[in-house]
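The following pair of complexes shares a single chain, chain A, combined with chain B in the former and chain C in the latter.
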Partner chain A sequence: MRRYVITAAVVLLVAIGVLSGRHMALSLSASQAPGHSFRISGTAAGLMPGKAVPLTVTVTNPDAQPIRVTSTTVTAQAAGRDCPSSLLAITSFTGTPQTIVPARGHADIHLSITLSVQASDACRRVSFPLSFTGRAEQWQ
Partner chain B sequence: MNLNIRKPLITTAIAGGIVAVSATAAFAFWTATGTGSGTATTADSSTDLTITQNAFNGSALVPGGAAQAVSGTIANANTFAVPITSFVASVAVDSTHAQAGCSAAWYSVPTLTPPASVPAGGSANFSGTVKLNDTVGTNQDACKGATVTLTYTAS
Partner chain C sequence: MIGRTAAAALAGVALAAVATNPASAYWRATGSGSGTVTTSTGATKVITVALSSGTGRSIKATGAAGLSPTYNPAVTVTLCKVNSWPCPAASVAATLTATATAGTPSYTASSGNLNGVTVWGQASQLETSGWRDYSTIAGPITG
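Coming up: the complex of A and B.
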């Protein structure tokens, strides 16, 4: 009889543990996994041919959990017919140095952007539109 | 004897519950994506080239005489190489001799050879010649002892 009681207790505890964990997983999946996103912005000015200019990218985290940025990529578009995006060389971020964005806070990532020496005078006083994409993971 | 069996079973049961929670919590770890936009704006100006002529080592210019060599350097303080697509020189005569009747138009720069480009942060040489043309039938004595200034323009 005692053996049945103990066995039942074991089964009950395991079941509670599994169900609790699954419940947590389902809760997190339903409330956090879909739609997690953060904002990225940044501008650079004073581009001149052959000169690397700092491009400070600001990552803003709207969530209540801190995140660690694992990658950031910048894509440029042409600034008119005579200034194709291929004239720009932009560095990317691959997670190093470690960048933690606090909950409902922001953090900067430092990249650089260089205008090719092949740029013509037509590329003076023009703006290249930039698009940012990035990935992050939950941090603690 | 029963106690010996019960303790390990209870311990196992508790451990099983904890492992189950930990495993599912790790499974719930999530990632996020970010997007945004911005601009990269180019500068509106660059640093002008600096053109310096070397000291003139030629002979004094005389009407119809041989063209005398001039030379110099073009310096580029920019971070990019500057191609030279146009390089010209204009001539001016000092005011005293100009007022005496020496015309700058009597002088010419028959040759002027610029570099194809000036490297970033560097310099390149140019060379040329200058002469005093013989204006037939016109007295050019007013140009004796004149100082001729060449002004170079590159683009």
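Coming up: the complex of A and C.
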């Protein structure tokens, strides 16, 4: 009888361990902890029709812990009526290769941007505004 | 016996907790920011076009054009039945091609017989940078 009680207790403890561990891991990793954000910036120049130009995106981490960038998205806006954003093709970043940004440091992500050969004369010497968004997770 | 069982149970709890933690990520963060991308100016446009009557009711296009290495020496002249640009496909009377060379004029190209057809003309040339230069419109002229 005593052996059954002990066995049941062991099984119960393991079950509690599994459930609490899973709950802790999932709830913490799935949450978007308030106050954790980072900055993204990037510029490129000398864009001309049909030629890819490097777009270096700098991720700055103000946090005291390192982060791993899992994605970044670049959205361009039009540079005037005759230069719609659809003339630009920008490569995407999906977390590969892995980019770790040190605590209170920065790291670069290398993308490329191409202006369509359909770009008209009106698109010479203009600036397309870019907006960046990204996601990251704490990294240790 | 009881001690060993308890130790095994505790080890099981610890292992289960660790094993169910999928990664070392504890929180997530979002990032945002802005930037710009600027296009180049390209080379100074040199392409021009002038239309004149050629032999056999043809129309001759001549003009100045840029040379290598700044420009691709190929020049294209579009003769259009309407003064609307870019010329609608249905209104293109002829598309002429020529190669720019040193000298004046830099290029010459002639159409076929355009007897009674009134056209306007525009020349274009590709810069090696990728930008395409367009001349001002010439014409009208009737073949």
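Just so we're on the same page, the second predicted complex is superposed on the first by the 108 of 140 C-alpha atoms of A that agree within 3 Å, B and C clash if a C-alpha of one lies under 4 Å from a C-alpha of the other, contacts with A are read in each partner's own complex, and residues count from 1 in each chain.
Definition applied: a contact is a pair of C-beta atoms (placed from the backbone, for glycine too) under 8 Å apart; a residue touches a chain by one contact, two chains touch by 3 or more.
All values reported here derive from a predicted model rather than from experimental measurement.
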item: First (chain B), second (chain C), both or neither touched by A:125; value: both
item: First, second, both or neither for A:36, with chain B first and chain C second; value: both
item: Touching partner for A:140 - first (chain B), second (chain C), both, neither; value: second
item: First, second, both or neither for A:89, with chain B first and chain C second; value: neither
item: Common interface positions of chain A, toward chain B and toward chain C; value: 6, 9-10, 13-14, 16-18, 20-22, 24-25, 28-29, 32-33, 36-51, 53, 55, 57, 59, 63, 67, 69, 72, 76, 79, 88, 113, 115, 117, 119, 123-138
item: Interface residues, chain A side, partner chain C - complex; value: 6, 9-10, 13-14, 16-18, 20-22, 24-26, 28-33, 36-51, 53, 55, 57, 59, 63, 67-69, 72, 76, 79, 88, 113, 115, 117, 119, 121, 123-140
item: Residues of chain C defined as touching chain A within the complex; value: 2, 5, 8-10, 12-42, 129-134
item: Chain B partner contacts - residues on chain A that touch it in the complex; value: 2-3, 6-7, 9-10, 13-14, 16-18, 20-22, 24-25, 28-29, 32-33, 36-51, 53, 55, 57, 59, 63, 67, 69-70, 72, 76, 79, 83, 88, 113, 115, 117, 119, 123-138
item: In the complex, chain B residues that touch chain A; value: 2, 5-6, 9-10, 12-14, 16-25, 27-46, 78-81, 120
